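See structure below.
In this document, chain identifiers A, B and C correspond to the written order of the chains, with residue numbering beginning at 1 in each.
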Amino acid sequence: MTPELLCRILEGALLAADRPLSLEQMERLFEDAERPSRAELRKALDALAQACDDRGYELRQVGSGYRFQVRESLSPWIARLWEERPPRYSRALLETLALIAYRQPITRAEIEAVRGVTVSTQIIKTLTEREWVSVLGHKEVPGRPALYGTTPRFLDYFNLSSLDELPSLMALRDLGSALDPLPPSGEQGRK
Amino acid sequence: MNAEPAALSPAPDGAGQAEGPPLAIVRGEPLTLVPRDLYIPPDALEVFLETFEGPLDLLLYLIKRQNLDILDIPIAEITRQYMGYIELMQEMRLELAAEYLVMAAMLAEIKSRMLLPRSAAVEDEDDPRAELVRRLQEYEQFKQAAQDLDDLPRLERDLFPATLAPPPLTGERPLPEVGLDELLLALREVLQRADMFTHHQIRREPLSVRERMSRVLEALGQGPVPFAALFTLEEGRRGVVVTFLAVLELLKAHLVELAQAELFAPIYLSAARRADVAHDT
Amino acid sequence: MTPELLCRILEGALLAADRPLSLEQMERLFEDAERPSRAELRKALDALAQACDDRGYELRQVGSGYRFQVRESLSPWIARLWEERPPRYSRALLETLALIAYRQPITRAEIEAVRGVTVSTQIIKTLTEREWVSVLGHKEVPGRPALYGTTPRFLDYFNLSSLDELPSLMALRDLGSALDPLPPSGEQGRK
């Protein structure tokens, strides 16, 4: 195996891997007969590191091995890759939040009883970190589960002055039509 | 087609109609010898048949096996072989998709039409084989296309996109936005799922009571609070009533306790027992 | 912005993204004041493609945009990075996919007519879940069956930049002239 081919294989592997590669893992890319020595491997890695000098990425050695990483100086632009996709909350999170808003103080088990599925710890964590939900106390039943309620921040975010401004459960039943886009103004006087 | 076994010759002894239970009853006739050209060891048959994607695939196989041109199929012969397979499959009680039987009927019809003498009057009539040949060709076309697709280099098997760790990103990633309507729709769905509208009593207490319950519990997080301190007189009568209802609800739910050291001493409200000991679980 | 910096930003973004990037998405990496023109973008992409000439990877345009990918000639080594075997697809799935790719928009009944067997719901589900196939609309016939077509993701997966790059279909032969004339009477094998 020529040093050039070795370099290319390592480069390809480091680019394709979704994790840092240790020297052992790199060795395992090769069959016994063609396996490079440690010295050859290191030399190839040196060559790769140099070849990136004027590129948008660099070779870094981290705890568990080597990896290519996009240069930090580019992060102002790269960060916009993710900005363009505004993240969205899952349906499970929204349902949990809605139940906390309407039925507070409420325990996780009570939320689960209505939703019919378990509520992940991650959801509770997200809602708490966002400061929309907080633990109000603990219910005096076995296990002393936390009681959740909404915070004033929740009201601020949704532009409510109090929970009273949320539609009643009764009104919610007819919500479907209410949330439909309004008909063009011209049609309103019809009938 | 690796499941295709070599055709085995029938045993040389005996003249076909040997005694012993027949292998199968084919068209009312007991079959003791499997036809030479379709003999497959029974245990291999199932595997073999599973390799066919349907009647067209089976027909194509029969045609290719004899190096015949699709455009020039000897209908009678192919029909005979096809029926042989079908009947064998039925005898072996293999699950037979209805499509195989539909094809059998179509072959039989073509065969019978081809046996009819053609008069000059029907010269223009379509060749009865035409539709079958068209379908076979079309199927063969996509069978090949599927193979070609499978041969294309593809992700996971032949192609590996470069995906690098992004640099440490400066700037915070934005938090997701939620509209109130989304929240309400989510609630409506979960309530519909839980069928709460019909089977549960709808709680009539105004939401402000629930909210006040939260605020009271929050206030109690720091320790017992004098009952009177819970009320904000600026809120007026309605505010006082709401707070009072909230306290009653909390008491009912055993979430708070009232305590009075002695007669006429101030009443204290505290979170239910031990609530102030454990801060987190 | 110098052409060199533009090249590096694009290189970094293409490497960091977990999906192909379209020209529009690349444009959105830049603020209004610094945004390159389409011509500049294309020029930078050309330069990037050339810069990989002797490297272990290449710039490729696929259905939903551009991506860097490891050269196919290196796959024998790179594939050893993963322990699991790549998924294999059944003939039934591939035939269904081929029909959707070549005949789109197509209904399930039309697929079944060509294949001569029913198309299992599982196959349609798998194709949809992999995001290779989507419902384009409904055919205005009784039952309003869904019309299926392929997605840009399908092209991405099979390394195609457009449907034009699909292998051409086997030619159908005209059977009108090719079929032997039928014997005028019942006798066969007259010749």
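Heads up, the rule we're going with is that a contact is a pair of C-beta atoms (placed from the backbone, for glycine too) under 8 Å apart; a residue touches a chain by one contact, two chains touch by 3 or more.
On a predicted model such as this, the values are computed, not experimentally measured, just so you know.
Student: Can you identify the chain nearest the overall CA centroid, using each chain's own CA centroid?
Tutor: B
Student: Farthest chain from chain B, going by the mean of C-alpha atoms per chain?
Tutor: Result for the farthest chain: A.
Student: Centroid of chain B to centroid of chain C, CA atoms only: how many Å?
Tutor: Chain centroid spacing, chain B to chain C, equals 23 Å.
Student: Taking the mean of the CA coordinates per chain, how far is chain A from chain B in Å?
Tutor: 27
Student: Touching at least two other chains at once: which residues of chain C meet that condition?
Tutor: If we look for residues of chain C contacting two or more partner chains, we find 12, 15-17, 57, 68, 70, 78.
Student: For chain B, write out the residues touching at least two other chains, lowest number first.
Tutor: Counting only residues that touch two or more other chains, chain B contributes 160-167.
Student: Taking the complex as given, what residues does chain A use to touch chain C?
Tutor: The contact residues of chain A facing chain C are 7-13, 15-17, 21, 25, 28-30, 51, 54-57, 68, 70-71, 74, 77-78, 80-81, 84.
Student: Touching residues of chain B toward chain C in the complex: what are they?
Tutor: It is residues 53-57, 71-72, 76, 97, 99, 103, 114-118, 127, 129-130, 133-135, 137-150, 152-167 of chain B that touch chain C.
Student: If you look only at chain A, which of its residues touch chain B in the complex?
Tutor: Residues of chain A touching chain B: 12, 15-16, 18, 57, 67-76, 78-79, 81-83, 86-89, 91, 94-95, 97-99, 101-105, 114-116, 130, 134-140, 144-147, 149-150, 157-160, 162-164, 166-170, 172-173, 175-176, 179.
Student: Spell out the part of chain B that touches chain A in their complex, as residue ranges.
Tutor: 160-171, 173-178, 180-191, 193-194, 196-197, 202-203, 206-208, 210-211, 213-214, 217-218, 220-221, 253-255, 271-275, 278, 280-281
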